[in-house]
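In the two complexes below, chain A is the common chain; its partner is chain B in one and chain C in the other.
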Partner chain A sequence: MSGAITWLGEWLFWPPFFQLVIAPGLVAALVIVIFILWFERKAAARVQMRVGPYNVSPRLGGALQLIADLVRYSFQEFIMPFTVDRAAFVAAPLLLLLASMLPMAVIPVSPVLPYSYAWPNIMKYNLLLALALATLSPIFTVVAGWASNNKFSLIGAARESFMVTAYELIFVLALLSTAAPVHSYDLVKIVEAQSTWKLMALLNPPAFLAAFIATLLSTSGFPFEIPESEHEVVAGPFTEYSGLMYGVEMGAAYIKRYAMSVLMALAFFSGWKPLDPQPGAGVWSGYVAPLVVVLVKATIIMAVMSFLRAVYGRYRLDQALHLAWKILLPLALLGYAIGLVYGYLGVL
Partner chain B sequence: MPAVPSRKRVPSYGFLSSIKGNLEALTIGLKYFLNPNRSTLHYPREYIKLRPGYRGYIVLNKAKCIMCESCARICPASAMKMVRFQAPDPKRPGKMKLYKYPVINYQRCIFCGLCVDVCPTEALRHVPAHDVVYMNLAEMELDLEAFQQEPKSPAEEEGGIPVRYIFDSEKGLVKVRASEGGGGQ
Partner chain C sequence: MAAGELKLSGWEVGEVRRLPGMDVKKIGKDLYEIFIGPQHPGSGHMRIIVRLDGDVMVEVDPDLGYVHRTMEKLAEGRSYIKVIPLMERMAILDACNITLPYVEAVEKLLGLEPPERARYLRVLLCEINRIASHLYGMGIFGVFLGHSTMYMWPFGDREVFVELAERLTGARLTHTYAIPGGVRRDVPEGFTDDLRKAIRYMRKRLEDYRKIFLDNPVIRARLEDVGVISRNLAIELGIVGPNLRASGVEYDVRLVEPYEAYDELDFEIPVFEEGDALARTWVRVEEIKQSLRILEQVADKLDKMPREGVMHDKFWAKAPKLYKDVYAKEGRVKLMPLFATLRVPKGKAFARAEAGRGEIVYYVESDGGMTPYRVRVVSPSFRNAIVFKYIAPGHRLMDLPAIYGSIDYFPPEADR
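Entry: the complex of A and B
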C-alpha cells in the first residue's frame, strides 16, 4: 500500500507530469481561467454601469456563476452534424486545448528544482521551445473550422489564418528581444538577470507592448475578437460545436492566453523575483512559493487584458492586420534592436 | 441636372492622435472601473418608487360612480366595458333598478388614462403600481369586485427597497433610495 502511494507520489510530482497537468499546467490554468472569466465579466459590468453575475452567489459577487456555467456545458448534448468530417471535428478542440497547454511543459517556474530530476531546467533553449510550442495551436482552430463544413466556420477559419500571419512573428520577435541582452535562451537566466524593479518591461517597453498586443491578437481578446466575432460570423470556427466541446474551445483560447502570460511574466516581469530560491531549498520555498509569485504576475497580466474588453470595440480584420504589420512589427523590430544594443553594451 | 451624391471622407487619424485616443478610452474605462456607477435595478429586492401622478393601474370607487358610461365610450382600446345587472332599488322599495358599472380588461388596456380624465365624479383613479402579475389571461379581465381593489406591487409587498433614479450633474443617472430625497416628490 505504502509502495503504491510512493509510486503515485513519484508520478504526481514527476516534474514533466506536475508541470503540465497540475501547476502551472492544467489544474492551475483552469482555476485561474475561471477567476479571469469572472473578473472579465465583473470588470466589463463595472465599466458599463451593470452588476454582472450576481444572483448565483450574492456574497461572492456571483463567482459561482462560472462553476454553474461549467456544469451546464458539461451536461449539454454534444451534437454532431451529418455533414462534418467526424474525426477532425472531434479531435480539433481536444488537440487545440492540448496545444495551448504544451508551452507549460518547458517553462521553468523556479531556478532550482527540489527533486533529483533536472527537468526542465536542463533545457538551455526553453524560451525557444516554449515559443515554438505556443505557435502550434492556431492550426487546430483552422482544422475545426474546416471540419465543421459550415460557411461561418470557414470564414472564421480563414480569418484565423490571416491573424496567424499577423501575430506570430511579432510575438516571437518580442520575446526573443529579451534573450539578446542575457546572451541566452534560458528563461532562468533571463529572470536571474532582472531584479525586482529592473524589469525587462521597463527596460524594453516596445518589445513588451508588442508581445502584449500580439497575445491579444492570438487569443482573440478584445479588441481583436475577429475569428469568433459573434455579430458577423456566429461563433467563427466554433459555430457547429455544442456542449462540452464548445466550452473546451472557448477555454483553449484563455488557456493559451494564460500560457503566454506566464511566459511574459517570466521574460518581462522578472518571474519569481522578489524571492530568490537558493539551490538546496525545500519544496515549499524552492518550488511552490516561486510558482505562486509567477502565477500571481501572470494573473495580473491576464486581468489587464480582460479589462480591455470593457473599453474597446472590435477592429475589422483589415484594421487588425494594418496594426500588426505596419505598427507592431516595426515596434517589435525596434524592441529587438534595443535588446541587441543592451546585449552589445552588456547592460544586464 | 442629376443630383450628385456627396461623398463623405472616412476620417483618418495620425499615429499620435490614435495613441491619444486609445489613452483617453483607457482612462475613461479605468475611471468607471474604479468608481462604478451601477444603475441596475435588483428588481425583487428593489423597486422603483413611483410618483403619485403615475398612470398605472386603474381602480374604481363604486360609491362615486354615476353610471354615465363616459369611460367606456372614450376608451380607445375598448378595454373598458359596462356590466349591467338588475338589483333592488333602495329609493323605491319592492322595485328593481338597472345598474351599470365599468369593468376593465387589462389584456386590452393601454394605460392612456382617458377614462380617468373623463370621469366626471373622479370615481376612477390611477394607482402608482405597474408590476402586477396575473397567472393567466382570463384573470386579466377584472370583474366588478376585482376592479374596486387596489392592486399591490409584489416587490413592495415582499419588503423590497424603494429606489428612484435621479440625474446627478457629474455622474449622470444615479440610483438612490426613495427615502433619501429621491429628487423631490
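Entry: the complex of A and C
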C-alpha cells in the first residue's frame, strides 16, 4: 500500500508530468485563468458602474460564477454541423489547448530540481524551446476556422493568420533580447542575472513593451481582439463551435496568454527572485515557493492585460498590422540591439 | 457526406450548384458574399448583404423590412388617441419626438393650439428623449467598436433621463405624453430641481466620454476619415438629422420651422464639416450639450409659470370637477373620456419635427370619423438607411460596424 503511494507520489511529482499537468501547467493554469476571468469582469464592472458577477456567491464577490459558467459550457450540447470537416473540427480545439500549454513543459520555475529521479538537468536551451512551442498553437485556430466551412469562420481564420505572422517575430525577438546579455538561452541564467529590482524590463523597456503588446496581439487581447471581432465575424474561427468545445477554445487563448506571461515573468521580471533557492533545498523551499512567486508575477502581468479591456476598443486589422510591422518590429529590433550592447559590455 | 464535392469547372456567374446543406451561387470572380444579419450580433433587426474582395467591401446592400408592422394600415383602424401608443413603437426610446408631429397634425385638423405650459412640457420631454436616444446610440456604437466601457456608461447615464421621463409621465419608455390639445400631466413636485441636478451630472459625464472614447487613440484611428459623406452626397441622398449636420448642412426642423416652444428658446445647431464617423459622433455629443441648455431654460420657465394649463381650454372645460381638483392638488390628470370618442373634422394635415435621429414627417388625412382615413409616416432612419449602399463600399469589412454605429440606424424606426 505504502509502496503504491510512494510510486504515485513519485510519478505525480515527476517534473515533466508535474510541470505540464499540475503547475505551472494545466491545473494552475485553469485556476489562474478562472481568477483572471473573474478579475477581468470585476475590474471592468468597477470601471463601468456595474457590480459584475455577484449572485452565484455573494460572499466571494461572485467568484464561483466562473465555475458555474464552466459547468454550463461542459453540459451544453455540442452541435456538429454536417458540412464541417469532422476530424479536423473536433481535433482543432483540443490540439489548440494542448499546444497552448506545451511551453510549460520546458519552462523552469526553479534553479534547482529537488528530485533525484528527475530529469538529469534543466535543459540548456529552454528559452528557445519554449518560444518554439509557443508558436505552435495558432495553426490550430486556423484549422478550426477552415474546418468549420463557414464564411465568418474563414474570415476569422484569415485574420488570425495575418496576426500570427505579425506578432510571432516580435515576441521571439523581444524575448531573445534577454538572452543576449547573459550569453545563454537558459532561463535560469537569465533570471539569476537579474535581481529583485534590477529587472530586465527596466533595463530594456523597448523589448518588454514589444513582448507585452505582442502577447496582446497573439491572444486577442484588447485593443487587438480582431479575429473574434463579434460585430463583423460573429465569433471568428469559433463561430460554429458550441458547448465544451467553445469553452475550450475561449480558454485556450487565456492559457496561451498565461504561458506567455510566465515566460515574461521569468525573462523580464526576475522570475523567482527575491527567493534564492540553493541546491539541496527541499520540495517546499526549492520548488513550490519559487513556483508561487513566478505564478504571482505572471498573474499580475495578465491582470494588467485584462484591464485594458475596459479602456480600449479594437483596432482595425490593417491598423493592427501597421502597428506590428512598422512600430513594434523596429521596437523589438531596438530592444535586441540594446540586449546585444549589454552582452558586449558585459553589464549583467 | 463530405463537404468538398463541389465541381468548380465551367461554373458561370449566377449559376447555382448544390452542396450538402446549401445552394451555392457564383456571384463573380474573387468575390465573397456574406450576410450580416438578421441573426448576427452586429446587425440589429436587418440584413446587410456585403460582397467582399479580400478584406474590402465592394458592394453593400441594406435589406430592410424585418420588423415591418404595418403601422400605417393599423392606424386606420384605431381611434385618434390610440394611434399615439402605436406609433411610439417605432422608437420607444424617443417616444415623444416620434409621435409629436402626429399630435400636431391632429391639432391642426382640430384647429387647436396647445397652451403655453403644455408647449414647454412637450419640449421638456422631447429634449429628455433626444438625450436618451443619443446616449443609446452612442452606447451601441461603443460596443460595435469593442469598447465595453462606452457601452455601459451611456446606458447607465441614460437611466437618469429615463427616470426623469418616468417621473414626468409615469412610463419609462412609451410615454404617450403629448396628446391632442396638450399633454397628459404636469411636472411633479421637485422635478425641476432634479432636472438641474441631472443636467450638471450629464455635463460632467460628457467630459468623461470625451476622455475615454472620443479622444481615445484607438477609437480616433477607427473613426477618422471613415465613412465620409460629402455635403453634396448628403443632400443628394436626402439623409437627415445629426448625420446631415455632420456633413456641413445646417438643417434642423427646430431651426427651419420651429414648432412648440422652440422659437422662444436659445440654442444652437451644431454643424461639423468633416462628414466622417468621428464628426457624426461629435455632433451627437454637442447636441446633447445643446439639449441640456434647452432643458435648463425650460426648467426656469416652468418654475416661473403658474401651474395651470396642460390642456387646451376647449377640452379642459369638459373635464369633470374631480379631474380639476386632483390636477390643482397633485398636478396629475387622467386621460379625459372625451378622447375615446374624439371626432376630427374632415381635412388633410402635415407636420414634422426633429426627432433624435432626424426629421420625422406625418401626413394625416381625416374623413370626419373617429379613426384617421390615412396616416403616412416618413421616419428618419428610413431616410438614412440608403447611406450604407453609398458610403460603405471601398472600406474594409471592419469599418462596417464603425459606419453602422456612427449613422445610429435604428431598424424598428425605419420599418414602421
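Keep in mind that, in the parts below, the second predicted complex is superposed on the first by the 342 of 348 C-alpha atoms of A that agree within 3 Å, B and C clash if a C-alpha of one lies under 4 Å from a C-alpha of the other, contacts with A are read in each partner's own complex, and residues count from 1 in each chain.
In the analysis below, a residue touches a chain if its C-beta (ideal position, glycine included) is under 8 Å from a C-beta of that chain, and two chains touch if they have at least 3 such contacts.
These figures come from a predicted structure and were not determined experimentally.
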{"item": "Clash or fit (per the criteria above) of chain B with chain C on chain A", "value": "clash"}
{"item": "Of chain C and chain B, partner touching more chain A residues", "value": "C"}
{"item": "Which superposed partner A:46 touches (first chain B, second chain C, both, neither)", "value": "first"}
{"item": "Partner chain(s) touched by A:307 [first = chain B, second = chain C, both, neither]", "value": "first"}
{"item": "Chain B versus chain C as contact partner of A:69, first or second or both or neither", "value": "neither"}
{"item": "First (chain B), second (chain C), both or neither touched by A:155", "value": "second"}
{"item": "From 57-65, 111-119, 327-335 or 381-389, the chain C stretch with C-alpha clashes against chain B", "value": "327-335"}
{"item": "Touching both chain B and chain C, residues of chain A", "value": "47-50, 310-312"}
{"item": "In the complex with chain A, residue positions of chain C that touch it", "value": "1-3, 19-22, 32, 34, 36, 40-42, 52, 55, 142-153, 156, 212, 216, 218-219, 221-222, 396-401"}
{"item": "Residues of chain A touching chain C in the complex", "value": "44, 47-50, 81-85, 149, 151-152, 155, 222-223, 225-226, 229-234, 309-319"}
{"item": "Interface residues, chain A side, partner chain B - complex", "value": "43, 45-51, 54, 307, 310-312, 327"}
{"item": "Chain B - residues contacting chain A, complex", "value": "15, 25-26, 28-30, 32-33, 36-40, 42"}
